[in-house]
């Protein structure tokens, strides 16, 4: 699964970074162009197509009636899946989700769940018996780094696009917009030697020592974090990432709301 | 094919979506749409949205599956969970396995596989939105992605279906026509030789109806072939305008 | 999975065929001896043992009460499985069905389903709630080519042998014969160089370029077709196959009805 | 073993199917019944119908599972979906895995495995119809198939069970006896040495009852051994009468 | 999976045994020290930790309400699983249970089931509808031979420790001790050359030709037997093993009852 | 994190189990508790009971997964079926896969992996009883097991969590606090350098609360580090007292 890189390229990238430069000319804590297109998938209850540089992800939302969990009988159910299909990278393989896809799905899931993005109480149809189950499916078509953000922002935009198909069921009334309470934005940093970079491309991820995803909501609170890879962050590093995450999160949140044609939630 | 409790052709001979009996749904194809893949293409066919990517020729793993005399063409047909009204559970079902197999065989014919012994040529067909006729659309767009990847081929495969609805033979069944019609005949054609690399049939047809269906479908494949070539022509002209920003020393990149 | 053959044998077979001969002396469009023995498996609701030359297949039918599909609430359910068990060939492996077994099961299934062989309306017990589920299991014991026909004809004969075990359930009345509406016969052709052969043996399949299965019913209509392998057929080839399929299908259909001790359906 | 709410022995000491306490169900064995397999045999034992096929010795895959000092004997025990009243889901369940393991071990003992290092000898046992005692019938017929394949062996394994029903020790439990009896002791015997290569027991037996059961079962194994040898004798005599039609140049056939 | 041993060690062990000695100085039919600690696992309904020499096994019992089997509508359900986790031996691998784990679970299961250890009639809540399902999970932490006995005795002790959590369900009354009717003890012998050994350690198992497990109950009756490995036993061998199994079974049974603080069942 | 319908801190500022806001649950660690493993340790942390075993460095299989430049650290986190109130189905679920991944990464940092190219170092973490904080307890005990195995390391990882309950930042959430609290921040620390090799966070924290949580957790990690070192010291002193009875010629034992 791991993307491999030659020593020549590695040296080149490390030298660039030492000089304070990135391969595409960005500043260290600058984001790539982000295109968000909601509603591209007809049969989905909600969807969003994300292009973050050359990273291309589609997130689709499907809803079905099911049983609530026994410990939350008055709430709907959220479930997030990610497939790293072999279309997206020569190193992805067919088959059940591996470790990377599992981590990706769980990190996106926690951002949405712990950030209380969806008002799941509004998804209960009959306490303990029937509730809407929301499937968030992440489909990665082209992989040029930073899947965490592309997928997490895609999930957020797809949820904002989603409609509960109540009218398809008997006696459940009209369709209604999925009730969204918070807009959570993940931002992912990597550390290469002593330098912290935001929104890394694939080549940068290949040489990264450590990775940190910070998800914040519109109140500027932190709702989820995930460190990855073998390297380390200092406590001060994490403080720096959190500050930058709040700033850029604010911008990206506004962009997501704009394309969704929604005001603040 | 389904039961017959729906009128699919109106008094004027028009179909539900207003098409004539010999009319294709709107088709648009774009080549070269993905960065990582060696070749790629995207097709919009009616309400079908399908992406195809090609990787290879590359060394085949596991080794015992290698063919010492030629490349093995492996098409994977996969439907996204959100591509259909009722969510599809991720992972291959029996239908996907069968379609992957027949699309692999259909594409194998046109590729000069002897040039790449012990290799694999992987073709990934991702159905993002499905609305009847995905295997034909998938085979059509996969051929373009193979060309985009520069795989040496004798031709492309153009593919579409004809079928029977309300007792009448028509071209390119839409979703309701597929559900409530009486027969469906998807074909894959080598346009230069008019030979069939894909042929399936379901339903109930007399010999005469079969022949009518084949004529409609084979004719339409030639139209689709034009769209495939246009997409490639468009792709090459775009390439000339673009300038790649990034200049990583490419000779150094190894892939594990 | 693929059966491999040496160049010597390949050349020999190609030479034979060029001379218009087959390895067992048959004409190009001639069928092998077909033995059909229904009812060999006691615990099955229906069964048939098929010997097509040295190809040996057993098809068993089991029935259980289950739920109808939501889109056909008033119909029973048909489901076909095939296992290419390693007993039948040195190249088959244990494990879940591979591509060949999947294609085999689906082609047999489509012939029966699209040919409307079984009156599934007669298998509904309670609309939307309870219906008979018919399991058609194909068990290949010995493999000498043309599994499509051996399995498809075996499934047809086993269905004609089958009894719905209604008396095992409460308040469902007496057992009754499975209601059969059509008798569908698959016939499979291969193409070797420019020659079309009917009912190929294993060695012939090994050198075949393409394969075509045509299934017809007692009205002479085509109900299912499946092309396989990498080679091509011309349109004219397919017309020739259909004509021959109707002829030989008529003979085989009579044989199936004879051993089933049934008149025409 | 099950509960006891069924009379299994009548006033005259006869069992449900009319057998005496020391009587086997009818057994017939035929060797050499499959074409592709290197050796094969079919057994009808009461209402059990079981086919066995042998492939090998052949190179073992994957290689890391090879034993450099001997052949590995791998028996697969499989029940057809339709072999039992309630359809069995295809694929190995825990019972099949365990039976395959103990049958592999039981057969290993008699095969000269040292003659074929790095090889596998595969024994496929397919239960087409099951009616109590399939592991014994399977072991018996597998031994014949191994002989038919010409695998060098020190002997065959003859196998049957004794058990307890209605408090009495009897031979070869039938289906109801198995369901409603109190104990079952399947054994596999090397007839020349009277050694046990298979031994299991379920239920409730005193030491004395165990000894009675073993005497019944061991005696019966010698009778079964005769039937095994008869099947092989029959097979060889048939061979002399047959003429193979087909004359493909066999030296040329390679298997991948 | 199979534990491999060098020829030097093999020769050494064979020579020792020929001289009537074992690697740890025990007599041929002598048991190792057995420590049984019930109730070590808090969340389990019953548990026991077993140390048989250096073999270390934990057996946990969990109970859930479920459906009884159709053929025993008035009884609870027993189900036994074993995992040979890679912690316990360098030769165990992650993944679904292999042949050894499957045989282990089934032999333990049969001893309990055929020995009628649990009064399953007392576990039925509503005939044909609801009954307690008892999960016996065998977790092997350290493997120095004779898993059959360590696991079987552990399961017995865990069952004696178990409480039916009736009070967690509505209207099922108070918790009650799992009703135990018999105490079944498995004892396992190996045969090395012509010598029979009781309770073999790992090195002895590695050179063993055959293995025999005999399970007896408090009446001295045999309730389950299982021969394993490729070698043979004579009929007389099995008689000897049964006699010894009854003797040592009596001792071990008393020990299990003692630690459980129970009198005879 | 869960809803908030439970009081988790009383009027005196004490938590449900009587702890202060900055107090760890009782922790005891024992090293060298398994015979077969190359290294092992057991931890009792509150009501968590977790065993860790280390095998390796040993040759990695399959070979194509080997790294020619270093050892691959593979941690497997597994919960016993009986470790939680509702029986956990055996086999890895998504949570276990993720935790195994992040623990592998957290441990990799401190091991001198370059010393063992093409090898694997396997760390098995078995949760026998689970009661909030198993990943931290698992990482802590795994570090001790690695030391016990003699794996060359630059340091150990000490791990614990801080979180927020009833609006207050506290150390080391217990089970009810985890279920009904508002945030949890598990960390893994390299005590010598105060660097973070593990960091996750769930819930809702302001920047200030995050900083309070980190200070609590980092301080506590230094206390835990002492317990880790004590466990190893205890282990080595025990070793000197013990005499191994058994004297098998060890040079002869090969492992396949």
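Here the chain labels run A, B, C, D, E and F in written order, and each chain numbers its own residues starting at 1.
Operating definition for what follows: contacts are C-beta pairs under 8 Å (C-beta built on N, C-alpha and C of every residue); 3 or more make two chains touch, one makes a residue touch a chain.
Keep in mind the model is a prediction, meaning the values are calculated, not measured.
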Shortest contact path, chain C to chain D, counted in steps: 1
From the listed C-D, E-F or B-C, the one duplicating A-F with over half its contact pairs the same is B-C
State, to the nearest whole Å, the distance from the C-alpha centre of chain A to the C-alpha centre of chain B. 31
Distance-wise, how many Å sit between the C-alpha centres of chain D and chain F, to the nearest whole number? 51
Using mean C-alpha positions as chain centres, tell me how far chain D is from chain E in Å, no decimals. 28
Round to the nearest whole Å and give the separation of the Cα centres of chain A and chain E. 48
How would you write out the ring, from chain A onward through chain B? A, B, C, D, E, F
Once bound in the complex, which stretches of chain B touch chain A? 34-37, 47, 49, 51, 53, 55, 58, 76, 78, 80-87, 90-92, 122, 124, 126, 128-131, 245-246, 248-249, 251-256
In their shared complex, chain D is touched by residues of chain E numbered 97, 99, 102-103, 105-106, 110, 114-116, 212, 217, 220-235, 238-239, 242-243, 246
List the residues on chain B that touch chain C in their complex, please. 1, 94-95, 97-98, 100-102, 105-106, 108-109, 185, 190, 193-207, 210-211, 214, 218
Taking the complex as given, what residues does chain E use to touch chain F? 2, 4-9, 12, 23-25, 40-44, 47, 54, 56, 58, 60-62, 64, 81, 83, 85-91, 94, 96, 135, 137, 139, 141-144, 203
